[in-house]
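There are two complexes below, and they share subunit A, which is joined by subunit B in the first and by subunit C in the second.
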Partner chain A sequence: MVLSIEDALITRGSFSLHINGIFPSGIHLITGKTGSGKTTLAEALIGRIVPEIGTIKCTGISKKMLAMQAAERHVTTSTVTREIASFGADRDKVLFQAGLRGYENRQILSLSRGELKKLILMCILTSHFELIILDEPYAGLDCTAKKMISDTISTTIPDFRSDICIILTHDLSSLPPVDYLWEIINGKLIFLGQMPDALFHWNMDFKPLKYLLSEKITPANIDQKSLMEAACRIRESVPE
Partner chain B sequence: MITFTGIVHPPLFIPELCITPGHTAIIGPNGSGKTTLLRMLAGFITPIEGEITIRGISGPSDSVGWVDENPDRNILFSRVYDEISSSLRFSHLPSDEIEQKVSGICTTWSIDHLLNRRMEELSGGEKITVALAAATINTPEILILDEPDAHLDKTLWHTIINHIKKINPDYSIVATHQMEIASEADQLIYLEKGTIMHCGTPEKVFSQLKETCYYPLLWRMRNGSQY
Partner chain C sequence: MQDSRIRTGVMVYLSLCAMLSVYAALYAFFWWIVCSGRTQNNKTLYNLVWIFLFTGIITLLTWYTGGDAISYFIRITTVFLIATWAYQYQKDGDLLDVSVWIGGNQLGFELGLIAEMTLGTIRIIREDVTQIRTAMYLKGQKLTISSLSAIVSLELFTLLARAMQQGDLLQSRGYKKGGTYTPEFVTGSQDIILGVLAIPAGFLLFIPVQDIFKYLLPYLCSYHF
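Up next is the complex of A and B:
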């Protein structure tokens, strides 16, 4: 199972995005500044945008899903239960993991932005899609919900070892451990490598990582647990 | 000073709250009432019970700039120029004055290159920046931003904060889920289940949130506190 892109080019007015790369199974993180083209890339990878030149090919992938930043764009039914059923997801599992037990018969559009986003993300993450693309999954979520989403990603994706999960975000505060790191710079998708070596080539302004690297400590990964573990090493190395 | 007294408006229940001039951040769980509080402050909704005063005068200010979390909800017009100039046009200002003000605010926000673009062509971050230009073109007394960081990376957010400081509204109030952003405010408010649980400097408020995920990650890494 692999997603491969060969010399693809997408242009919109004066903006252009060059994409090249191979996405094997695992969790991929793609970062980039506001307006760098993350959403355009997500739509191209899922097949909603066809590049003017080049090819984007899914090999061995039959079920794929893009989780859009605006969760309301996913809504097709009127109640929470019906919405979960529309994804073919396990109702009880979704309600439990999204913290929405007791909301079964609520009108879907009466949910708050955060509640709706949690519901849609949980429907997607607990259904078995072979390719999942998450466009700004943390936008609008509080820290408890962000952690819940990341925990679900890190426990679900490795269960299906052949799945590909691609997270596109500028919110780095509650990420799951990731396998591969990518970055969009000046209209080009660049592969930075595997963790943790890729962190040395990363341009994002992420203060917790900068703090660790300035202390010559490399975290094993980019999730909070790895960052805290690395911070402990700094304190352990300071003589009392 | 902005004061809230005896506010009852589900989910909000605020016996007393003072917002001091400067930059204020509001944090709290999804559904805690952040947006309702901001909408009340903007005058979009009137509390069922209680009173809001601004500089001792009861009722909403007539000088408010509002930027919604959803960039598409800020948009009234299809062209960037029309969007930014809309409040001036609604006020029947002379055309040359409108052009001058639009040109000035676009320079402040570094978006001159977007003026003739269509709103639908812009990225989420660009739409928010245009919304900020439209919200600040009249130098509002109160600038309200409802979770703008959902579409903005940290670098752009710091640029925006610097622009807001230049425009210098008496009050800039932002609801956010980014604790790094919240930690840079003059005043921090933590809402939970419609109630103000903590209010004060970021240091004071975060010291009471050490056992929660709201405590900034970098602070936690530096002092080793767990939750």
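Up next is the complex of A and C:
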């Protein structure tokens, strides 16, 4: 199962995005500043945008899903139960994971934006898709919900190790452990490598990581647990 | 066409001419073919198919009810084509620029703001529809009456919520009536040429083209080459 891109070019007005690379099974994190082209890339990877030059190929992938930044664009039914069913997801599992138990018969319109976002993300994450692309999954969520989404990605879906999950975000506060790191710089998608070696090439201004690296401590990953564990190593290394 | 004043003027002028006279509509159609600078991409062809399909259905209904179907088809199709051309070149702020230029900072600003907000909403709806279609495709769903009603309700609800937020925002920024705005325009030589080429459409409203042909045709037919 692999998603491969060969010298693809996407242009939108004066903006252009060059994509090249291979996405094997695992969790990929693509970061980039606001307006760097993350949503354009997500739409291209899912096949909604066809590149002017080059090709994007999905080998061995039959079920794919894009979690759009605006969750309301996913809605195609009127109630919570029907919406979950439209994704082919398990109702009780979704409601439990999203912390929305008791919402079974609620109208979709009665949910807040945050609740709707959690519901849609959980529908996608608890269903089995071979390729999942999450475009800014943390946008509009509070800290607790962000952590819940990251936990779902990292712990409750072991299948992800055989599938491809691509997270595109600029919000680095509650990330799950990832396998591969990518970055969009000046309209170009750059592969930085596998964790944790990729962290040395990362240009994002992520202060906790920068501090750790300046102290010659390399965290195993970029999730909160790994960063905390690395921070504890600073204390251990301080001479008494 | 860069100058939004000329573009809007040409759009209104040609549309009015096309609605008032079928000959003016034919002229406007030729103006569109020669001057619109349309691109031969799939999107343009897609738009054209929809325009012809939509006007074609209405034309058939007009013909069925005994109306002047051919004249209607020519006039309304031309109006749609001209409107599509103008919309294709529309940029954010164009309508506010033109409106303030015509009506000043009070009435002009008000009308321009309303027009800009309306166009902005149309763009949002278009983008929403595209995204919802993507979601349906990814879910493997087909459009049904129940899904359509859910989508329309949600879209309406979202648009109303957005309108309320926009209203609150304007109020919190002290907006009451009018504003201070200085529009800027860039006029290229091509804009002037295209604008001038649209003028003859108006002449056709006053020239009895049918009569000319009525008197001219017998002479032409009796002439032995």
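Convention: the second predicted complex is superposed on the first by the 234 of 240 C-alpha atoms of A that agree within 3 Å, B and C clash if a C-alpha of one lies under 4 Å from a C-alpha of the other, contacts with A are read in each partner's own complex, and residues count from 1 in each chain.
FYI, contacts are C-beta pairs under 8 Å (C-beta built on N, C-alpha and C of every residue); 3 or more make two chains touch, one makes a residue touch a chain.
Predicted model, so just to flag it, every value in this text is computed and none were measured.
Visitor: After the match on subunit A, would you call subunit B and subunit C a fit or a clash?
Guide: clash
Visitor: With the two complexes superposed on chain A, say which partner A:Ala139 touches: subunit B (first), subunit C (second), both, or neither.
Guide: Touch status of A:Ala139: first partner only.
Visitor: Report for A:Val75: first if it touches subunit B alone, second if subunit C alone, otherwise both or neither.
Guide: second
Visitor: Among the partners subunit B and subunit C, which is in contact with a greater number of residues of subunit A?
Guide: Of subunit B and subunit C, more residues of subunit A lie in contact with B.
Visitor: Is A:Asn203 touching the first partner subunit B, the second partner subunit C, both, or neither of them?
Guide: Neither subunit B nor subunit C is touched by A:Asn203.
Visitor: Touch check for A:Ile46: first (subunit B), second (subunit C), both, or neither?
Guide: second
Visitor: Does the superposition put A:Thr155 against subunit B (first), subunit C (second), both, or neither?
Guide: In the superposed model, A:Thr155 contacts neither subunit B nor subunit C.
Visitor: Quick check for you: in the superposed arrangement, does A:Thr55 touch first (subunit B), second (subunit C), both or neither?
Guide: A:Thr55: touches no partner chain.
Visitor: Which partner does A:Met65 contact after superposing on A: first (subunit B), second (subunit C), both, neither?
Guide: A:Met65 sits against subunit C, while subunit B stays out of touch.
Visitor: Now for A:Ser110: first (subunit B), second (subunit C), both, or neither, which partner does it touch?
Guide: After superposing on A, A:Ser110 lies clear of both subunit B and subunit C.
Visitor: For A:Asp171, decide between first (touching subunit B), second (touching subunit C), both and neither.
Guide: Only subunit B is touched by A:Asp171; subunit C is not.
Visitor: Of the listed stretches 22-30, 76-84, 130-138 or 148-156, mark the one in subunit B with C-alpha atoms clashing against subunit C.
Guide: 76-84
Visitor: Can you pull the subunit A residues that subunit B and subunit C both touch?
Guide: 70
Visitor: Using the touch definition up top, name the residues of subunit B that touch subunit A in the complex.
Guide: Result: residues 28-31, 69-70, 72, 117, 121, 123-126, 147, 149-156, 177-180, 212-214, 217-218, 220-222, 224, 226 of subunit B touch subunit A.
Visitor: Per the contact definition, I'd like the list of subunit A residues that touch subunit B in the complex.
Guide: 12-13, 33-35, 39, 69-70, 112-115, 118, 136, 138-147, 170-171, 173-174, 205, 207-208, 211-212, 224, 227-228, 231-232, 235
Visitor: Report the residues of subunit C in contact with subunit A in the complex, numbered from low to high.
Guide: 128, 131-132, 134-136, 138-139, 141, 146-147, 149-151, 153-154, 157-158
Visitor: Which residues of subunit A touch subunit C in the complex?
Guide: These residues of subunit A touch subunit C: 43, 46, 48, 64-66, 68, 70, 72-78, 86-88, 108-109.
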